[in-house]
Amino acid sequence: MSTVLLIFCILSAITLATAFLTIFTKQPIHSAIYLVLCFVSVAGHYLLFNAQFLAVVHIIVYSGAIMILFLFTVMLMNLNKEDEVHKPRVTRLAAGIIFILTSLVLLAVFIQTKPIVGPYDETGVDYQSIKVLGQVLLNEYMVPFEFASVLLLVAMIGAVLLSKREKTEKN
Amino acid sequence: MGNILNEIGIENYIFLSVILFSIGVFGVLYRRNAIIVFMSIEIMLNAVNLLFVAFSTYHQDAQGQVFVFFSMAVAAAEVAVGLAIVVSIFRNLGSIDLDNLKNLKG
Amino acid sequence: MDVSIVLILLLAGTLVTLFSGKSAGKVALAFGILSLVASIVLLSDYNAGKSINVLATWMENPQIYFALNGDGLSLAMLLLTTSLLPIIIYSTFGSEVKNPSSFYSLILFMGFAMAGTFLAADGFLYYIFWELALIPIYFIALNWGNGDAKERQKAVVKFFIYTFAGSLFMLAGFAYLYTKAGNFLVGNLSNLRLSDQEQFWIFLGFFAAYAIKIPLIPFHTWQAAVYQKAPTAGTMLLSGIMLKMGLYSVLRWQLPIAPYAAKAFMATFLIFGIAGTIYGSIVALRQKDLKKLLAYSSLAHVGLIAAGAYTLTVDGVRGAVLQMISHGFVIVGLFFAAEVIYRRYQTRDISQMGGIRVQAPKFTSMFLILVLASVALPTTFNFVGEFTVLYALSTIDIWFAIIGGLTIILGAYYMLKMFQNVMLGETNAKPFADLTFQEGLTMAVIIGVLFFFGMYPKPINDLITPSIQQILNYTLKS
Amino acid sequence: MDIAYILLLLLAPFAGFLFNVFFGKKLGHNGAGYLATFAVFVSFLVTHFYFVQINQTAQPVTVKLFDWIQLGKFSIDFGIVLDQLSLLWLMFVTGIGSLIHLYSVSYMHDDENRHKFFAYLNLFIFFMVTLVTGSNLLVMFIGWEGVGLCSYLLIGFWYKNQDYNDAAKKAFIMNRIGDLGFLIGIFLLGHLFGTLDYAALKSAIMSGAEVDHTMLALAALALFIGACGKSAQIPLYTWLPDAMAGPTPVSALIHAATMVTAGIFMITRLNFLFGISSADMQTVNMVIAIVGAFTALVAATIGLVQNDIKKVLAYSTVSQLGLMFLALGLGAYEVAVFHVITHAFFKACLFLGSGSVIHAMHGEQDMRNMGGLKKWMSVTYITFLISSLAISGIPPFSGFFSKDEILMTAFHENKALWVIASLASIMTAFYMFRLLYLTFFKEFRGTDEQKHHLHESPALITFPLIVLAILATVGGLISLPGNSWLSHYLEPIIAYGGHSEHHLDATAYMLMGLAVVGGLIGIGIAYAKYLKKGEVPPADAQMTGFHKLLYHKYYVDEVYDALFVKPINAISTFLRDTFESALSGLVFGLGKATNAIGDSGKMLHNGSIGRYLFAFTLGVVAIITYLFFNKIV
């Protein structure tokens, strides 16, 4: 077993474990923290792929921005209590079954589609440095890129509008 | 640097992503807390992102990574709006228990 | 000039009227008359042999054309629409209309949709116009109708859903035809060689749409309630023009596309039509509400028209078209008479009328003429149509003519009974002012048309015959 | 030139109608009446001109005015034909029409709607002229329906009385039943021959073209039904007595002299059809003859006991029309025409005379309240007497000749029918003189106030009476036995050589004698009963037995009511109240069913997001499975 594979295994274990814990932990705050861990481990995966830029962005966006949002929300609502009632047993069982079902189906799909034969491509061409990515992003994907900014703007306005207290409430 | 997939194998990434994704699905179905459900959705998105990157490496093509950028942007927007909705639901109903939201009933 | 000019005029009229405030009625009338003039110009172009058709690609995929055809039949129906529109608009001038700009705008829009239905030569376009016509009448009946608002809404919504549901079968038919022909042009669809089985289903699908729209029994249950609840202008639009859409479509779309089915089931549909005639006449006998009575009389007449169309003979179809036009005029006149009474008595209950003749001789005379025209007295336009249809029926089987001809007797019975109860008898205690100039003019125009074409139907006949011949050639070729 | 004259003939009454409708009220007191009379008189003059002309040339005038209706196989034009038959009819339609218009000027002088009355009369003349002169069956149909319309308008002229309106409606609808028959006949003929033009039909039939003779006979039967409606034959006769609700001049003009003879005109016009010697057609002719004979008898029996002066005359009219149809059925067309003409004279005179009486009695029509009017109304009395003698068949009055011809024809063709017809004519003599005695003889039985007002009618009323009485006297001259001008005149019209003239042999004289004796017997009984014994018919409540049955017209109206009118109305009520809502419920039941399905579907959509999510994931899994594994499985 090579080092890389070992790292991969450890990372994967962390990823899966924290993901599970996110779901099973009763306290939302803990969930959020597990989720951060999960995201960080995913960033680790990115690093394994040598996609440093992506990894950084991932940490900034997910672990930084998104998780902060989550935490703030949780704190805002003062949900840090274990007062959540479990779903009925049948539902939980069904959820478990669907979990297995989804996994099996998706795996079957991937196995079914295309068997991988022979060694992987290794062209040696630089394809994932910041420079290349920047070129792709701002040449080929110029328009979607700009739209992404619009999307974020709209989302921002939407979020502000939604979370603003309604005036009627005061009356 | 050599192709990492030669050492790990794309299959492993596929397995990982599938299981991660399924965990997300499981979480959505399992929990009643809207925020946790949101988190599960984020997990699913990450699973997909991960696979994107894996295949990007597999094909030695940057497009997959570019896509991940976009998906992150969308995820950020989605979380912002979604959490705003959750907040306003909480304000109106005093709870974010999904099973209590029955206003969709026709 | 091509036929789209009329559509453009009507659509422009709709928009202009919408923003013309209090003078909406006059603006709408002006546009109505303009479109009439335009149709007459088109008619002369057509008679001079100029092409007035339109063919432009609208969508590449699916292949849909903006195709309008102005042949004799379409032009006749177009003229019916554009000549009745100004009459209907003018007829409302005597009564107060709330929110006039949208009211008249909707009327013009309805005219636009109906004219489009009569002109469209592409099935998809035709379907759009067909359904478009439903929207304005829905709002007209809902917002300007009479009676209890809740009941009115019920009746109108029923009507909307019922006719709409029927049309969906037609849409399914068109969708199937598209997969066969690759486009919706009526010429291509008529040239398809469908199997007997296919034709049967297509015919049935179209029949669902048309039988409800026309309406044939037993699909008529929406009719009386809506006629009663809708404002008179709406009733006029419905009975004068809209139900002709169904009959026209039978000729234009149903028969040529599914000729085998048309022939195979001719007897069935003749019986449908004739049964409707008798049924409508009998039910009309004991109606208490004037507008409902007229609704059932309309049911009786369209039954006969439909029977004429389904004879698949030149005479039958021609008679049906003539009858369609004449019925359009006469029923508008009769509903207007009901409106005249309503303006004075605020009721449509026949038992509360009577003894009007003494006070309103002019109105009585005109009403009587309309009643007589409706029972197809010779020299009126209706006689020409009814005679031709009955003659065609007799060439199929004399019994069809005899049973269909019972409408002559029953029609006279219920119309004269109605006339007697409404107009004659001891002088009514309530005062009844005779016709105003506006009312008189409206009725006089209608009566003039009825008599002129009753004595000289040749122009219309010459106009429609070639197209009917063509349609029947398609239908009878195989 | 012909066109101008013919348009004048046709349009003069129409112009009178239009003018009276729009400006009649402004024409002063009697202006409308004189204008209308003048309009009809103009038509009469034109008719006279052509009548003289055709007597010299024997050439019919045919004019095509314009194309009217096109059918696949043929087209129908609006054409006018003036031949012997139509001119003969026009002569008495416009002639008697003018007289009755003149009469009406005085009769209607105090009615507020005079101008309308005259307008309708003119319209009637217009349609009657159209009926008579049309060159094909459909133009005749215009007139045919048009006169029905005018009849409707005039019967219901006093529209404030709903009974009169009912009578008008009944007349129109009964006529329409006949009209349907007429239309069917037209369809069949059009289908068989591809034309409706008389001349073309005639040549087609006479040329012996191969046609389905059964269909032809059916067409003839259908046309006869049309004639039954218009000419008040069994079973469609009940409207005519009710039609007496109209003003009396109307009864005289429309319901005695002109319109009701339209059926006879039509059959005579189509004698080339009815005269075909096929077995089927003979059955049809037999039907016509039997219907005619029975109508004559039934109407005469009812007439025996009626007390309303106009009702008696109405039943008498039905009875006489029956005799005419008897003649038609036996193929004696010119005899029927002859009787039409003499009948028009004396029946118009009788009706106008009764109108004069009613006028004097201020609207009283019941004979039980009259009597002794001879004293006050000598002119009316004398003209009435002459006409009564004429209708009773007493020589030398016109009725004798025409009725005798019919009886003689019947005797030669079918003895049973002859017996029936003779019985009918004896009864005719009886009830006419019963009418005469009850009205003009003995003491006055009305109120004192009525007595005070009794007076002879003014000259405008008596003048037409006198003219008609003269015509009723000498009218027989146009067809004397053995030397008939009429038969000769109508020769071109009658397709099958005409009815062979009876030789004046012993049988003929014996029959004449029998007829006269029969008439005298009838008069004698009436004399004995009402003049000698001075009986007065009992009040309505005291009638018994057969008398009551007759008085109530065999309850035919009631039977029709129970058989047709009531069931139709009951069905209508049932359909309106029950069936319509059931049908509506059925159709909209579909909507309700959809609603019910939707309601049960609502259980699924309980708003629980959890459940939605389950459904969603399961769905996605299912779709993926389908997409990727359907080829394998």
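So that you can tell them apart, the chains are marked A, B, C and D in the order they are listed, and the count of residues begins at 1 in each.
The rule is short, and it goes like this: a contact is a pair of C-beta atoms (placed from the backbone, for glycine too) under 8 Å apart; a residue touches a chain by one contact, two chains touch by 3 or more.
All values derive from a computational prediction rather than experimental measurement.
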item	value
Pair exhibiting more inter-chain C-beta contacts, A-D or A-B	A-B
Mean-CA-position distance for subunit D and subunit A (Å)	99
Euclidean distance of C-alpha centroids - subunit A vs subunit B, Å	5
Between subunit B and subunit D, centroid-to-centroid distance (C-alpha), Å	94
Between subunit D and subunit C, distance of the C-alpha-averaged centres to the nearest whole Å	36
Junction residues of subunit A, two or more chains touched	87, 91, 94-95, 98, 102, 106
Where subunit D touches two or more other chains, by residue	610, 614, 617
Interface hub residues of subunit B, defined as touching at least two other chains	25, 29, 32, 99
Which pairs of chains touch, using the document's own definition	A-B, A-D, B-D, C-D
Parts of subunit A lying in touch with subunit B, wherever the complex brings them together	2, 4-5, 8, 12, 15-16, 19-20, 22-23, 28, 31-32, 35, 38-39, 42, 45-46, 48-51, 54, 57-58, 61-62, 65-66, 69-70, 73-74, 76-77, 79, 84-85, 87, 91-92, 94-96, 98-100, 102-103, 106-107, 110, 116, 119-123, 125, 127-128, 132-133, 136-137, 140-141, 144, 148, 151-152, 154-156, 158-163, 165
Complex interface listing, subunit D residues touching subunit A	610, 614, 617-618, 621, 624-625, 628-629, 632
In the complex, subunit B residues that touch subunit A	1-8, 10-12, 14-16, 18-27, 29-33, 35-36, 38-40, 42-43, 46, 49-50, 53-54, 56-63, 65-66, 68-70, 72-81, 83-88, 90-91, 96-97, 99
Touch list for subunit B against partner subunit D, complex	25, 28-29, 32, 98-99, 101-106
In the complex with subunit D, residue positions of subunit C that touch it	158, 161-162, 218-219, 221, 224, 279, 282-287, 313-315, 318, 355, 357-358, 361, 365, 372, 377-379, 384, 387-388, 390-391, 394-395, 398, 401-402, 405-406, 408-410, 412-413, 416-417, 420, 423-427, 455-458, 461, 465
